[in-house]
Amino acid sequence: MSMNEEKKEYRPLIVAFCCNWCSYAGADLAGSSRLSYPADVKIIRVPCSGRVNPMFILRAFERGADGVIICGCHPGDCHYSTGNYYARRRMALLFSMLEYIGVENGRTRVEWCSAAEGAKFSKTMNEFCEKIQSLGENVRLGDLRCKN
Amino acid sequence: MQKIGVFVCHCGTNIAATVDVKKVVELVRYEPGVVFADDYMYMCSEAGQEKIIEAIKEYGLTGLVICSCSPRMHEKTFRACAEKAGLNPYMVEVANIREQCSWIHKDREEATKKAVILARAAIAKVNLNTPLKEGESPVTKRALVIGGGIAGIQTALDIADAGYQVDIVEKEPSIGGRMSQFDKTFPTLDCASCILTPKMVEVNQHPNITLYTYSEVEKVSGYVGNFDVDIRKKARSVDFDKCTGCGECSTKCPLGKIGKIPSEFDRGLKNRPAIYMPFAQAVPAVPVIDRENCTYFKTGKCGVCAKICPSKAVDYEQKDEIVTVKYGAIVVATGFDIINLDKFGEYAYNESPDVITSIELERLMNAAGPTGGHLERMSDHKQPKDIVFIQCVGSRCDSEEKGKPYCSKVCCMYTAKHAMLIKDHWPDTNITVFYIDVRTPGKNFDEFYRRAVEQYHVNYIKGQVGKVKPQPDGSLMVQAADLLDGKQINMKADMVVLAAAVEPNPGVRKIATMLTASIDNNNFLTEAHAKLRPVESPTAGIFLSGMAQGPKDIPETVSQAGAAAVKVIGLLAKDKLKTNPCTAQCDTLLCNGCSTCANVCPYGAITYDDVQVMDHGLRETRRVAQVNLALCQGCGACTSACPSGAMDLQGFSNRQITTEVDAICR
Amino acid sequence: MKYSYYPGCTLKNKAQDLDIYARRSAEALGFEMEEIPEWQCCGGVYPLGSDEIATKLASVRALNYAKEQGQDLITLCSACHHVLKRVNDDMKNVQDISDRANNYMALEEPYRGETKVLHFLEVIRDVIGFDELAKKVVNPLTDKKIGAYYGCLTLRPGRILEFDDPENPKIMEDFIRALGATPVIYSMRNECCGGYASLKDPEFTKSRTSQIFEDSTGFGAECLITACPLCMYNLNKSDADTKVPVYYFTELLAEALGVKEEA
Amino acid sequence: MANVEKQVQLIKDISGSDPYKCMRCGKCSASCPSYNEMDIKPHQFASYIIRGDIDELVESKAAWKCLSCFACIERCPRDVQPGKLVDAARQIVERQREGDYLQPDEIPALLDPETPQQLLVSAFRRYRR
Amino acid sequence: MQELIDRLKELIADGTIVRAIGWKKGDMPYNPEPAYFTEAEDFDDFVYDGFCGANLSKMMIEAGKLEGKTAVCLKPCDTYSFNQLIREHRVNRENTYIIGVGCRGKLDIEKARKAGIKGIKSISGVEIEGDGDVVFDTIYGEKKMAYKDLMLDRCHVCKGKEHVIYDELIGQSQDTDDADRFEEVRKIEAMTPDERFAYFKTELSKCIRCNACRNVCPACSCRKCVFDNTKFDSQQKANVDSFEEKMFHIIRAFHVAGRCTDCGECSRVCPEGIPLHLFNRKFIKDIDDFYGEFQAGKDPEAQSPLTDFTFEDLEPKDAVGRGDK
């Protein structure tokens, strides 16, 4: 009975965009090292953090995601040399805009995580889940224009 | 509409223990497009693949979703499998339900639910997949080896012997690397130069090897099979063709006598002239002028070397030269150095000349070294009677600012070697080794260490030293605790030798960045797979050799060098390589011609042309983006920069990614 | 330049020399030390327990006072320096301690480690500069061979105190040089004198201080300087054969600056 | 058993350091000025805690002989900080028992005219609640 | 104004240009509209006064494709937009003859309405050259308003009265810049997240998706807007989901980030009075703060901040929560 009740508690929905070369491999390493993080995180593989169009993030929020995290190679280590630098600017501006329109800080995050950083990947995901869990369900982005 | 087959792998119990595989099959069966779903013990096995092929034929599948391990593991396998059944390999998507699901979750229900969602995302994506065709690119049959130490030398020789051209770029004036500084090697006590020098000469004389010493890699562009590398040949100030290597210039250089320039090769234990060869057996045997210290370059006066050179080889006007060479493969063999010991003030390395590093000890014991092989204290040139070795200085250290978290792997063995060599020459020396653990895995390694204890009576004490205190009488007091005896020890020593942690050559970060090869927290290059692809970088066409990849001794380095060479040979033996078909594509009807995408393309793959288009029945000439598919590497930077959505990436299209988002957020 | 000044318990009586010479020297060097009103004792040792809050509040009050004045906080005593810097680090970087301390304090604006804590010697090194100090010396202590005795609390833990290299410090040696004297470097200069053990086990402390004197005089020291009243006490209590005079660094500073006898 | 785990956790919480990080290198014992005064040596602190021999550690002389000189903390390559571990043990005594090392009535006999305040406050803080 | 008309006629007469783009009288004295002028008699309706706020630069995208040169009248701020269009290869400079026209601030009829002025029959004092009050002749009698009080908000934060690109200049300008450009943004930034959310929710709820903002925006120059593109099934207008409805303005602002010159046309044309420029201006402020000051359109050679980077750029986590400290 108590098991069932626990299952019903709010679990956030988290979308993670991971670049193929560093972060996705870092996630794989977290997996092969059995470094757990909540099942709330669902990873989408992209070639590079620079591939992540802000529209994907907004789309995820609109569709009900409670948090979106973008993971890429560390600055300087991008497999394609520069993709993460553009991503960094794009996301800085997007996050600032989301904050501006009143969306809670912390629903979005960028983390640089190398293929060797399985532990960091797991730690980041645990932290992020905890943060989103504490923020609760994302209503604002789905609700920004509520006129029917 | 696609006809999709979903195949769920148990991976033995790796997946099935946590994910209810049968349930996944049941739940995905009714997803749009799915006409077939099944599970199997090992999908990647031959029988598993056979099952896939049969299903493709029987159900006329047009797309496959494999729920299994990471696509980084077996995507290739399943693509090849699809191709065998006549299906375009790019109609396959892998849902990672092992590394990103079963292995990290414990709750079966939760893991199963997640596996279903990941499968749905992959199914949704496959619904939008289109057949893609790989292109071909030629292979430049020439390899570059960065670093001319034993790793680089061995790799180059092996590649060259297989009949391919190899260039070695070495930043020092001579090849040879760290090994050339050593006196003897463990566990057989071979003389290092006796086994290294012949290889250095062979490299120099090999018809297939070109040496760029005193040179550095400046820029790398291109991709596997087709790298363009700019090499800066630093001005040597000595004409290579004229110099006979007689060494007259070095002997006459006035700075050699004043002795103000510490010799890098002798780790500062000796001085060198401004025009010098690092060591007698240097290859090439052509000196360089150290322009920063040379009096002529500083004041315009002197010029002694030019005057006395019998072959008029000294050329003060020489300039740095940049050559651009094409390569098919690149091997990183940049080696190691030891860490800076400034943060270990307790060992008084900077305070006392009699506290030295092991590599300095190598020089002190080397017959060609600063003391002619006679072991003496640098402070008073007396032979030390009591010598203390301290192990693990900076190794196995949790604090990032001080040391390194890893075991340096070679110190236990070389310390045993040092102890024995000293005892061999000067039997009445007292030697104490303070260790944390003695680690000697390797053929004949533990026997070697035991010999030091049993035969040479080297005193091994378990306990890291706390402090080395220089004493008023010039000796050193070593303060430690013998953990096994439970006593604090204050031991007088004449000399203390620190086994400082190894670290990758500091220059490797810059090189890795140029090569876009990934690097770990400790600046060691990352291998494509820790077990199965240990000599390859995840970046295609980049290979790893020696300490640049991780701590290892000479035998291991040589084996890895050979392995890297085989991988390079395997690549160069191909005439053509298949190229990634996941490239950017421009919809000319949507393109504004605004150039935004070209600004962010790291490969210069986007150009603009005026093309004729028909838009709503109107014929117009428009400036639109064109993607050079041979150059495009598929990063997708252009797609997210494009304001109009004209740029898209095959295999990771906007629609495919948004549909995955939708599937996950459903 | 004006600093908030935290003297600490001992400087108000047993170590008045340390305080008075510092004040005179500061004036000669052109900076002002404004004593914090109603400061409370730092406790002498830093409470290591990560759940210790109450014992840190005295320091937080002083730190917050300096913040409100918009001044850096200056100290002389090694122990105060140690405690204030570590509590400040807790307030800045250890969320839990910081939150709980702020709950206690109920300040208008929470204190988050904004104040910069400086040892008197750091002010001389980083603000005034040893070169400048040397220029202001009127009675150079030429021919004096002085051993700097750092003890433990001024230096460690190096990562938090950021006073100097904890194993190979040179700030006091540079200071000695600036006064015109010759610094004597010896191994025991950053080893503990025995500290508070002297209360219950004076013999132990004596064995420690003997080693310190033996080592420093072996290298030729004719006297030692310290910044710590407890080190001063323990060293003075020594009955070592090699015992030499021990001074507060501020006394020699005042002497060199020619302000020792004033007032 | 559960009680031991609780105690271990308590020590971890108070000290803020992780005894499992210790690799028994002994650099703490090598550096400790009070080594000879201690019955349990600094490099053993972690093992005592991991084993659950908390009582023994708490009752040891080591807890009172530590000078808080931070040499072990500064030099520990694993960031275990033995000084913090033993201080946590000391605090357990002070918080839970009547085992203070310094009793107020013994103080007058220990004083001399030069005793600095610093000595008294430090000793008070270290030796009793 | 007459000087401008005469000059345009002359340019047509001597064959320098084939047509001109300017403003013609509207049905009311305060709503002139952009228009082409080819024949001499077309110029009878030509007008250039305080109500000619429309930015004509975008019209050159199509006009540039026509046979022969087109003259376009650009106010100082409009020239930034034109420069930006050059940078993006969207206009044909060769085919354009730019007349830089003077400006002393443009007027906002809503301000008169708010001041209670109704039943307007005619307006005087809105000429470019004048400096007196604006006089409204209304069915309720004559009403007066200071020119400054009638000005569009955007003119109070004018980028300056210098034309950054032109072939010739006609008419004088007067500085109108008397407010802080980022004041409004700062005010919103200073609100609590709840207040900000409530504010934008209220504002955006007014949107009727008439697309006026998109159509007028010189940076929204895509041949086909992604919101109209069937290739993105996710962004289809006819799609069942309401994705674009919710996100339209944020995405639009992001699309023009680094390219928007802050011309303020979006807010001017919005029939619901949504202060759309506040999105764009937030991006401009952030770009200035994060990557150094940047004015789109000032220099057609300058790299846009979003297609540029430095190794030490701000991390996204530091881009938020800056007001919290």
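The first chain written gets the first letter, and so on, giving A, B, C, D and E; residue counts start at 1 in each chain.
The rule is short, and it goes like this: a residue touches a chain if its C-beta (ideal position, glycine included) is under 8 Å from a C-beta of that chain, and two chains touch if they have at least 3 such contacts.
In this text the structure is predicted, and so the values were computed from the model without any measurement.
Student: Which chains does subunit B share as contact partners with subunit D?
Tutor: Looking at subunit D and subunit B together, the chains touching each of them are C.
Student: Tell me, which chains sit next to both subunit A and subunit E?
Tutor: In this structure, the chains that contact subunit E and also subunit A are B.
Student: Is the number of contacting C-beta pairs greater for C-D or for B-C?
Tutor: C-D
Student: Comparing centres built from CA atoms, which chain ends up most distant from subunit D?
Tutor: E
Student: So which chain is farthest from subunit A, going by the mean of the CA atoms in each chain?
Tutor: C
Student: Just how far, in Å, is the C-alpha centre of subunit E from the one of subunit C?
Tutor: Computed value for the inter-centroid distance: 64 Å.
Student: Please tell me the distance, in whole Å, between the geometric centres of subunit D and subunit E computed from their C-alpha atoms.
Tutor: Distance between chain centres: 72 Å.
Student: Averaging over Cα atoms per chain, report the distance between subunit A and subunit B in Å.
Tutor: Taking the average C-alpha coordinate of subunit A and of subunit B, the gap between them is 30 Å.
Student: Per the centroid of Cα atoms for each chain, what is the distance between subunit B and subunit E, given in Å?
Tutor: 54
Student: Would you give the residues of subunit B that are in contact with at least 2 other chains, written as numbers and ranges?
Tutor: Touching at least two other chains: 346, 467, 600, 641, 654, 658, 662.
Student: Pull out every residue in subunit E that's touching 2 or more other chains.
Tutor: 234, 306-308 - these are the residues of subunit E that touch more than one other chain.
Student: Residue numbers in subunit D touching 2 or more other chains?
Tutor: In subunit D, the residues touching two or more other chains are 71.
Student: So which chains end up touching which?
Tutor: The list of touching pairs comes to A-B, A-E, B-C, B-D, B-E, C-D.
Student: In the complex of these two chains, what residues of subunit D are touching subunit B?
Tutor: 21, 23-32, 35-36, 41, 43, 71, 75, 77-79
Student: Would you mind writing out the residues of subunit B in touch with subunit A in their complex?
Tutor: Touch list, subunit B to subunit A: 70-73, 96, 98-101, 103-107, 109-111, 113-114, 117-118, 121, 509, 512-513, 516, 518-521, 526, 538-539, 582, 600, 602, 633-637, 639-641, 649, 652, 654, 657-658, 660-662, 664-666.
Student: Can you check the complex and tell me which residues of subunit D touch subunit C?
Tutor: Within the complex, subunit D touches subunit C at residues 13-16, 33-34, 37, 65, 67-71, 73-74, 83-84, 87-88, 91, 101-102, 110, 114-127.
Student: Any idea which subunit E residues touch subunit B in the complex?
Tutor: For this pair, the touching residues of subunit E are 65, 87-90, 221-226, 229, 231-234, 255-256, 259, 303-304, 306-308.
Student: Applying the document's contact rule, which stretches of subunit B touch subunit D when the two form their complex?
Tutor: It comes out as residues 346, 392, 396-399, 402-403, 436, 462-467, 479-481, 483, 486, 488-489.
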